[in-house]
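Two complexes come next, and they have one chain in common, subunit A, joined by subunit B in the first and subunit C in the second.
Up next is the complex of A and B:
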């Protein structure tokens, strides 16, 4: 198992290196002069442009700048924001907990609601409950996040005034965005949980358990769910990364500080150091989550060969 | 809802006289409370020297500038008691108010002003926005503790206006700058009506009342400390969320709501809407005059006459902007009143113009040709495709021009591609939006010096110097003379002459003039606005209703 984990870790290294090259190349890939983009809309003399280019290190060859950048990143230095003039690491660290808080709260909603609805739909297959759950899940999957977010905002915040709009870091202000973000993911989990549980319930060993007189609740809870959860767990791992992406939209709609709103602002303001840091961190989180999912899958599913 | 449109009048004299701003309804101010104010863009920084590109409008509450201008561009002394230019406007003598104290307890004086301008032009603080408004600055002399002379190496009539711009003359505490340097961008120390408390990134900036403040401009009803205890500026990028914040009672005032929200809340008695007209060159296109077929005046005029601007205003902006028939918005101080007589909606006249110029549809496909070449226009707009009113504007222009026999190819690009597109001269018509406060904006678009080139950002997209070198040279001279004029009369005369050349050569296609729009709860009273459309809360209070 240790060898498997090490191999998986080593396989992640080229991914991370490739991502770092792509992230760094964002500035290079822009058509034209990046300084022109950064100062678009502002009157700049040639001297000012040259100074800005020198300050930003853009007068150096790209490979040299990449190596300098990677070295600094390894030391935890992502540079300084062009816009706010703050250290990028400080900026990211100041909002990262808010994004993780939202993603974890949404994940809680996803797991609790998604699995519960999926199991109920499976054990009540072809009943009105099953139909209702699947219709709601289909609508939930199809509805864009910004749309469901706005609807929730208008109904629960403006009409009912249960939740605040743009109210800082309180638990109260976390509920609505977490539910909106988590429910869409929960709909996908519910659909997969239902089909996975139904598939397992048709297995011979379940029939054997029933024939031996095991109670139906025990058959489902102990014998069926354990195996049915393997694909669901993989989906939840993928959904963790999806939820991080979803925070970009959710944070914007609910005016919450976080990596998502910071990324949107950075794109709007052409703040490349901030954007590079956010994309790199998101890629590292994505890679790490996939690694953890693979390892846990190998632990819980003996059919996965370590070699 | 009460809808107020602030009148922007023309200036008389050297920016000295103006039309009065519509007065707010009289009410007894109530002390206390927190006003929560939401707008879209997070602060780019709150120090005039180090802020990137633009000084944040959130900073207007923590800094006072030398002068503040009201919505009719009339100047009012803020930190300056008086100011006066010499005969050729190359030097400005500014007498400062006494008794002004920065938030760190240090006094404001002539040394503060000199130190600020020296920092502004220090190469180590490269690229602050304020320097572009003080071209030719050579230094500041301290005459005495309360008097400075600001000097330029050429006549700078425009400084009489720019002296009121926050980017230029908001004066931070020199002692604080020496202590924390560029961190002033994050923790500003000024002499304004509110003290900085905290900036939570991506969320809000919070200010508290400056209880010592008693040097307020006469633009306000009272010179003393604000009535409200605190001001919270929230950054809410999404228009619908800003509107929801107001309607949910979590915001008291929001800036630039969506057009649908303006229409919907326009009939709601619980809110008040204030619309401040834009100046400068609002939403327009300019022609590439060096490229066939827009190298011909007849084609440029025909295009202008074929476009139904009323229809565009309704379709793209739900009637919440105003159709524009002149290069400059009518609210601009140097506006030429006869300009709108050159542009009107007359599609039949447009067809006749094209026919007279030798364009005809010989193959019956609905598109006119010249020498067998069909007239097709490459039109560039910028931004996203989704939810972008520019797309509706472009499609409306496409349908109007098709009706007179001109094909339009619509190109949608990111905003940052604008200079690249123009540099490659791929455009016939290119979109821009520059609602700046004075006619100096004409120089940015029509002075041949501003033509973009490698290593030099510029917005001179017309290439008029190629199409008509003599006219272009005359236009350049007028624009420079207007900028360097010593008096407002001279300045206006030059810029009117420039507008005549621009108008009679149909260098552009004005489309619509907008407003800086605020919607606020009826509880909030006494908000004032400056000429940049920024809200100021010196007199603001929350009534008990």
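Up next is the complex of A and C:
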């Protein structure tokens, strides 16, 4: 098991390096000159421009700048925003908690609602409740997030006034965005949980358990769910990436400060350092969550470690 | 688990047909598909939308970009879906949007398929170091949230339809690469590959002639299921203003523009959203139906 965990840890090292190279070169390839953007509308001589490039380090070749960038990132220095002139690390840190609370609250909704509905649908397969859950989940998966978000905002916040329209830091303002984001992802999880539980319920050892006279509730709760949860848990790891992408949309719809809205602004304003930091952080969150998921899966099902 | 195919009820017709034909694999798949209510609904929805997309010019009652003085009029007899702030007929705009969303969805999935197949075949067939590199590449791309990746690509190459396809396709190719890689990995150990190699077939020939056809059913299913996702991603880009630009009536973009008038004219949001939902639902139902019909493990 320790060997597996070590191997799994080692596997993510090149991925993190590759992620950082990709993030760096992606932003390198963006069109537009940051220096021109920075001094838009100001009188600049060619010498001024050259000095600005030098102070920003933009006169160095790309590999050199990559190494400098990585070194600084390791020290927690993501550079300075081209637009706001503030340190990127400060900007990101100031909104990171808002995005994390949204993503975690949505994940909570996903897990509770998604798994509960999926398990209920599976053990009552072909009943009206199964049909209902699956129809709702299929429609939910097909709804564009920005659309369900806008409609929820219009009807629940603006018209019914159940939730605040403006996104303060209160718990109350977190509820609607988290539920909108979480419910859609719950629909995906419910579908997978159902098929995963159904698949396990067909296994021979379940028949054996039933034949031995084990109560059906116990068959489901003890024998089936433990094995059915592995694909579900893996999906939740993958779902992290979806939720982080979803926060971009949810934050934009609800005009909520966070990494997502910051990323959208950074793209519009060509603010390279901010964009680099956000994409890198999102990828690192995903990589670490999936590292944990894989290790927990191996602990739950030791067969995985021997593959 | 291997005997399940034989459990399928015999397909012999009640009245003996004049010409006895063997039940082919295709017959089984078709029967399984037609027995599935969801699959039929999906097929109907997608056929309808393809029809709308192809005949958009004929079906749309008005020019989708012609402005009139009927600003923001609610749905009524002349404008079924109402009009937008420039007095453009929303029904015509949504109808023309079908063409764009369908094209972008299919285009993006084809890009994802081509890249994913190339990468997956490379890794799965050759194994070893090449495979390790492929897995690393897949892991790397998977760690970016698809939408964020698409946003950066759209920002890099501008906001035209081909760029949207590329941006969405690059976010989805990992699914195909993973599927193809693991399928090829399993297939290449089979006897038929060895037999083929022993009579002198080259790697490329074996892959194209034997391995790819064998994993085709899984690919068809994934293509169908990915189209829905691709349409959702493209619409999200449009909503963020990073997709197709106005006056192109792209659905996500329509919602983005309608957002400013959401209280006055909620129909500007409702109809494009329903169109997206219906398309994605149709593609997903069709994909689920194909998967259930093509997967022998689920036949019982």
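Everything below uses one rule, namely that the second predicted complex is superposed on the first by the 284 of 307 C-alpha atoms of A that agree within 3 Å, B and C clash if a C-alpha of one lies under 4 Å from a C-alpha of the other, contacts with A are read in each partner's own complex, and residues count from 1 in each chain.
As a convention for this text, contacts are C-beta pairs under 8 Å (C-beta built on N, C-alpha and C of every residue); 3 or more make two chains touch, one makes a residue touch a chain.
Small disclaimer: the values here were computed from a predicted structure and weren't measured.
Participant: Would you sort A:263 into first (subunit B), second (subunit C), both or neither based on which partner it touches?
Facilitator: Touch status of A:263: second partner only.
Participant: Taking the superposition on A as described, I'd like to know which of subunit B and subunit C A:286 touches: first, second, both or neither.
Facilitator: second
Participant: Quick check for you: in the superposed arrangement, does A:19 touch first (subunit B), second (subunit C), both or neither?
Facilitator: second
Participant: With both complexes superposed on chain A, which partner does A:231 reach: first (subunit B), second (subunit C), both or neither?
Facilitator: Neither: A:231 stays clear of subunit B and subunit C.
Participant: In the overlay, answer first, second, both or neither for which of subunit B and subunit C A:147 touches.
Facilitator: second
Participant: Classify the contacts of A:87 with the two partner chains as first (subunit B alone), second (subunit C alone), both, or neither.
Facilitator: neither
Participant: May I ask you to decide whether A:241 touches subunit B, subunit C, both, or neither, giving the answer as first, second, both or neither?
Facilitator: A:241 sits against subunit C, while subunit B stays out of touch.
Participant: For A:139, using the defined touch cut-off, is the partner it touches subunit B, subunit C, both, or neither? Pick first, second, both or neither.
Facilitator: After superposition on chain A, A:139 lies in contact with subunit C alone.
Participant: With the two complexes superposed on chain A, say which partner A:252 touches: subunit B (first), subunit C (second), both, or neither.
Facilitator: both
Participant: Name the residues of subunit A shared by its contacts with subunit B and its contacts with subunit C.
Facilitator: 30-31, 150, 153-154, 158, 252, 264, 268, 270
Participant: Along subunit A, where are the residues that touch subunit B in the complex?
Facilitator: On the subunit A side, the touching residues are 30-33, 36-37, 39-44, 46, 48-49, 51-52, 55, 82-86, 91, 94-95, 150, 153-154, 157-158, 161, 164-168, 251-258, 261-262, 264-265, 268-270.
Participant: Quick check on the complex: what are the subunit C residues that touch subunit A?
Facilitator: Contact set of subunit C toward subunit A: 38, 136-137, 139-140, 142-149, 151-153, 155-156, 158, 228, 232, 235-236, 239-242, 252, 255-256, 259, 262-263, 266, 269-270, 272-273, 276-281, 284-285.
Participant: Going by the contact rule at the top, pick out the subunit B residues touching subunit A in the complex.
Facilitator: Interface residues on the subunit B side: 38, 41-45, 50, 52-54, 123, 126-127, 129, 132, 182, 185-186, 200-204, 234-238, 240-242, 244-245, 247-251, 415-420, 423, 444, 454-457.
Participant: In their complex, what parts of subunit A are in touch with subunit C?
Facilitator: Within the complex, subunit A contacts subunit C at residues 11-12, 14-15, 18-19, 22, 26-27, 29-31, 138-139, 141-147, 150-151, 153-154, 158, 238, 241-242, 244-246, 248-249, 252, 263-264, 267-268, 270, 275, 278-279, 282-284, 286-287, 290.
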